[in-house]
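You will see two complexes here that share chain A, one where it goes with chain B and one where it goes with chain C.
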Partner chain A sequence: MRLGRSLPVVFLGPALMVLIILAAVPTLYAFNISLQNRTLSAPDADYIWFANYLAMFSDDRFLNALWVSLKWEVLTVSATMIVSMGLAIAMFEAASPRWRKVLSILFIIPVLLPRVCAAFVWKFSFHPLYGAVTWPARAITGDTPDILSSPAGAMFAVAFVDVWQWGLFFAVIILKLLEALPPQPLEAARIDRAKRWEIHAYITLPMLKLPLISLLLVKAIESLRSFDLVYVMTRGGPGVATETLDMYAYSQGFIEAGNISYASGMAVVMLVLTVVMFTVIWKRLNQ
Partner chain B sequence: MATVECSGLRKCYGSHEVIRDFNLSIADHEFVVFLGPSGCGKSTLLRMIAGLEDITGGDLLIGGTRVNDNDPGERGIAMVFQNYALYPHMSVRQNITFALERAGDSKERIAKRLAPVVESLGLDVYLDRKPTELSGGQQQRVAIARAMIKTPEVFLFDEPLSNLDAKLRGHLRVEIARLHKTLKSTSIYVTHDQLEAMTLADRIVLMYQGRIEQMGTPEEIYSRPATLFAAGFIGTPNMNFITFTVQEGRLRDGTLDLPAPEGVTGHVTLGIRPGAVEVLDAPAHDAIPAVVERDEFHGETRLVALTCGVQGLMAAIPAARKLHEGQNLFIRFPSQSLHYFNTDTGRRL
Partner chain C sequence: MKPVTFVLRLVLVIAALLVVLPLVWTLLNAFKTNADLLVSTPKLIFTPVWDNMEYVLNRRSVARALVNSLVICGWAVVLGAVLGVPAAYVIARVKNRITQEAQFFALSLRFLPPVAVAIPMMVIWLGLGLYDSRVALIITYMTITVSITIWLSIPAFERVPLAIEEAARVDRLGPYATFFRIALPVAKLQVLSAIAFSFILVWNEFLLAMMLTTSRAKTLPIIASEMSQLGMSVPWGILNAAVVLLSLPPLILLALVGAGLNSAFSAKTSQE
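Then we have the complex of A and B:
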């Protein structure tokens, strides 16, 4: 009996210890710092309690970062899901097994690239003078379009790279999910006079609802961690057009002011918002 | 209501031909059963008729129109699958009405058509359940309802009862027979179960290795099997086969001595159903001695393994008659129940 009770502790204990050291300690430390007025330039600091948090709500740049983060989440998650489902269905309908294999391998390559590499490759491709993407526009019109220097252009270009990495990868996963579905309901639907697109809209995608939701959440979490992509491609610019919350926190903490306490406060806000929103979404979608 | 006409149908997977030159015409209202062992091409053929498999060659006509290149939805067919193939995320009601909704029928019309179908299959109380909340038999009823509501010209059944337990199979078989009587639509039913075939069919198409082995009413196939395969496949318990070489117009093996069919030489296989073997206690005219090897009790009947000279054969006798192992007795083959086949070609003589 005592052995049965202690067994879970034996197995879970080490993992929990590691988790506590790696996750809880920095989190609590960040929260502690966020209650102070610590900067990188001064050796000591005082507790100013919630002044940092109050300051955020009158900080336009913080509110902008919050809004950009939201836009970024919605844009990248929805674009990834739409692109991946579209590509997967197109492959499922049109490609022979051999082509599916070839395309699957090609589609997995982008996500294998470290994100910093992908960001550099595409940043150069978007370059107004030397970029491969801008070359047709240069050749035809003679202009040198600088996509990354317009607010909307920069947002879409960075999102494009994100979708290029994850949308193609998810397309492969969804293709495999489609292939794993039992074929008979699809055949029954064909006999029931459903058109090709109707079969997917009414039969296959609803049958894949649960795995698709999982993919969506995975992508939503992944999109939150896109700091490296934004950092390399735009540094949050032009202006603050692509400055997500983590980007702004980094700027505050390490680039501009060295305002570590303020940056930690933002990190804490981000953590709380994320946990709350994901819990709500998870419960909603799983109903 | 429609006829189905297959002329010279062929199906190849690459260079492998699974169905060659298949010819069959099915009359309006007819209930035809494709019967055969697994891998004989019967399901492939049904799927070709449904439009789920491409037709490599030949013509398929439904209701007099060539439908080789029509989509499954445009052939006026409905199909019931072995594993039900219900849409798992939809309620029973949505499953049944899916086709009507795709065809753009109005809500009132759908409701009007739904009611009698649901009632005839006893599905009223399950309409709002999901398929996973139903038993296998109920799921197959839903699948049948889904097929019925389209009022198809041709009903296709692909081993619809194979996934059900024996008792339920019997129930649904009766139900399918009843539905066919009321709906009168042309039906094609694929099965490997001879009992289903015998009880449901107006006509059985017995298939083997992609060809029609024999075609006819259940009685015809049972009483006059055209080939050795047909004789061996139809009927439980299996027919006894004894192979002889014809000598001086007689079939002899030392103990047995029977007249050979006229003008036949070479090897002959004699077939006799266990039920047709007469088992006698005392010697009689034409009777030959035999020894009881094994005695199996089957309820109504008793299946007895006998040794008769060098041959072993089975005889079915009423269960009330008790025999013991090693008992000596006599058997007689009534000449009208003997089936003669050419051993080499397998054809009936």
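Then we have the complex of A and C:
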């Protein structure tokens, strides 16, 4: 394929330049700030080198945020994959082509909604006094269950909204992948009287192993962007039960202390963790 | 109907209701008075009022945020498309070390935690005197729009049959003309859906906008989230109205994104 000599440079060059600048400058800047003791109120700062990083490891709230982030990742990624595979197989097995079309359009909607909106919609539904989700409990037992005020309840409620957005969307993609599979192995299995769940457990899902792992990785990356959901629904609460790393970095840097150097240090830790982890996994997958 | 099929259909119906009911409910709530909204048993029958919408639409802060959102997202998306679509074409057509690394680099920008971008960006824009300006947010958002446009446009151009481009070359079309008059029109739908998706991402963006603006350049999601902070008496009706308005643009683009998704997967099957 010949594109001429100038076209690749003219077309790819500017985009790459812009992206490299936009990635490198903030990253280096973040590292630089994290070595200082800069605060929001005072513009002057001294270099304190790695003191911010050392402080993190004796900061219980930071360790808690690290743990909450890990729980959040595992919970949302696994729930999204289970829900999406289940719904995709259900559509594949039990829905006519027309219904598949309708469901596909419906299932894309939640992920397109602004996360702020999704969070509000469900936050009001979970409201102990006026919510629609809590209404059956109010009507039957007379209780006013406050889901968002218990640590486990808050975690699951926020994760539910995340899975509501991503699990349904992934179901559509997995359905398209199932539809694109060659029909012969499925036919053969049917002739051998394999049960329907056996066909999926032993044939279709193993055939889709690579795309499914890619989806899992995409979800793991997107799960890192939970700030808006957590911010609107719980503000990290109750206590610090849903305080993820970005939430804690935000409140350290902007709300409580204005300690942007410390927040920056946490951002650098997150950055190194995620970039290294995902780069290694992604490169290994694509080999 | 077999019992298994029945159960599976029931699951699908429940999942569909989980999408439809909250949205319809929010739409209804946007037209309720607080007296109709804040009741223990949810009300289906009520006299709709336009007050909430009117309140939201007439607020100066909302009007300003709407203009901000449109200008900021518009510019970020246009610049992202102008830079990203041609780059995606090169990556799709030239397969070598550099383009492979470029493709991965565009993806890896998505690995960056938003906080890790927001904090240094804030310091940088403060230093340049551009903090809380539209320009600052546009440039920051280009990290998102350029990389996503590249990433989603690559498969679009890979789908364009090489034979058409070869034919164009035989007709003595130069490489640039081949791109603009052949490849781009053929890949149009999927490229447009990629651009639409990048618009949705920045329209919905929250954390960067919140950390990089304080008053002048605030975008709609920030204003919407602030409405819940008016003390103990949360104005739920107004909030629902704001949610409805904020969700409209992404929903308008739903058809385009859906069509792009369809063509992305249908192409794979027809080529194999």
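In this section, the second predicted complex is superposed on the first by the 266 of 287 C-alpha atoms of A that agree within 3 Å, B and C clash if a C-alpha of one lies under 4 Å from a C-alpha of the other, contacts with A are read in each partner's own complex, and residues count from 1 in each chain.
Note that in this section a contact is a pair of C-beta atoms (placed from the backbone, for glycine too) under 8 Å apart; a residue touches a chain by one contact, two chains touch by 3 or more.
Only a predicted model underlies this, so the values are computations on that prediction, with no experimental measurement involved.
After superposition onto chain A, the partners chain B and chain C occupy separate space and fit alongside each other. Once the two complexes are overlaid on the shared chain, A:A188 sits against chain B while remaining clear of chain C.
Of the two partner chains placed by superposition, only chain C is touched by A:S104; chain B is not. Centred on chain A, the angle reaching out to chain B and chain C in the chain A superposition, using CA centres, is 80 degrees in steps of 10.
Chain A is touched at more residues by one of its partners, and among chain B and chain C that partner is C. For the pair chain B and chain C, the least inter-chain C-alpha distance in the overlaid model is 13 Å. Touching of chain A by both chain B and chain C, each in its own complex, is seen for no residue at all. Taken together, the chain B residues at the contact with chain A in this complex read 50-52, 71-74, 77-79, 81, 83-90, 98-99, 102-103, 146, 150.
Chain A makes touch with chain B in their complex at residues 182, 184-185, 187-195, 198, 202-203, 206-207, 209. The touching residues of chain C, counted against chain A in their complex, run 4-5, 8-9, 11-12, 15-16, 18-23, 25-26, 29, 37-42, 83-84, 86-87, 89-91, 93-94, 99, 102, 104-117, 119-124, 139-140, 142-143, 146-147, 150, 162, 165, 169, 174-176, 179, 200, 203-204, 206-207, 211, 221, 224-225, 228, 236, 239-240, 243, 246-247, 250-251, 253-254, 257-258, 261-262, 265, 268-269, 272. Touching chain C in their complex are the following residues of chain A: 1-4, 7-8, 10-12, 14-16, 18-20, 22-23, 25-27, 29-30, 33, 38, 86-87, 90-91, 93-95, 99, 102-110, 112-117, 120-122, 124-125, 129-130, 132, 135, 138-139, 164, 168, 171-173, 176-177, 179-180, 196, 221, 224-225, 227-228, 231-232, 245-246, 249-250, 253-254, 260, 263-264, 266-268, 270-271, 274-275, 278-279, 282-283.
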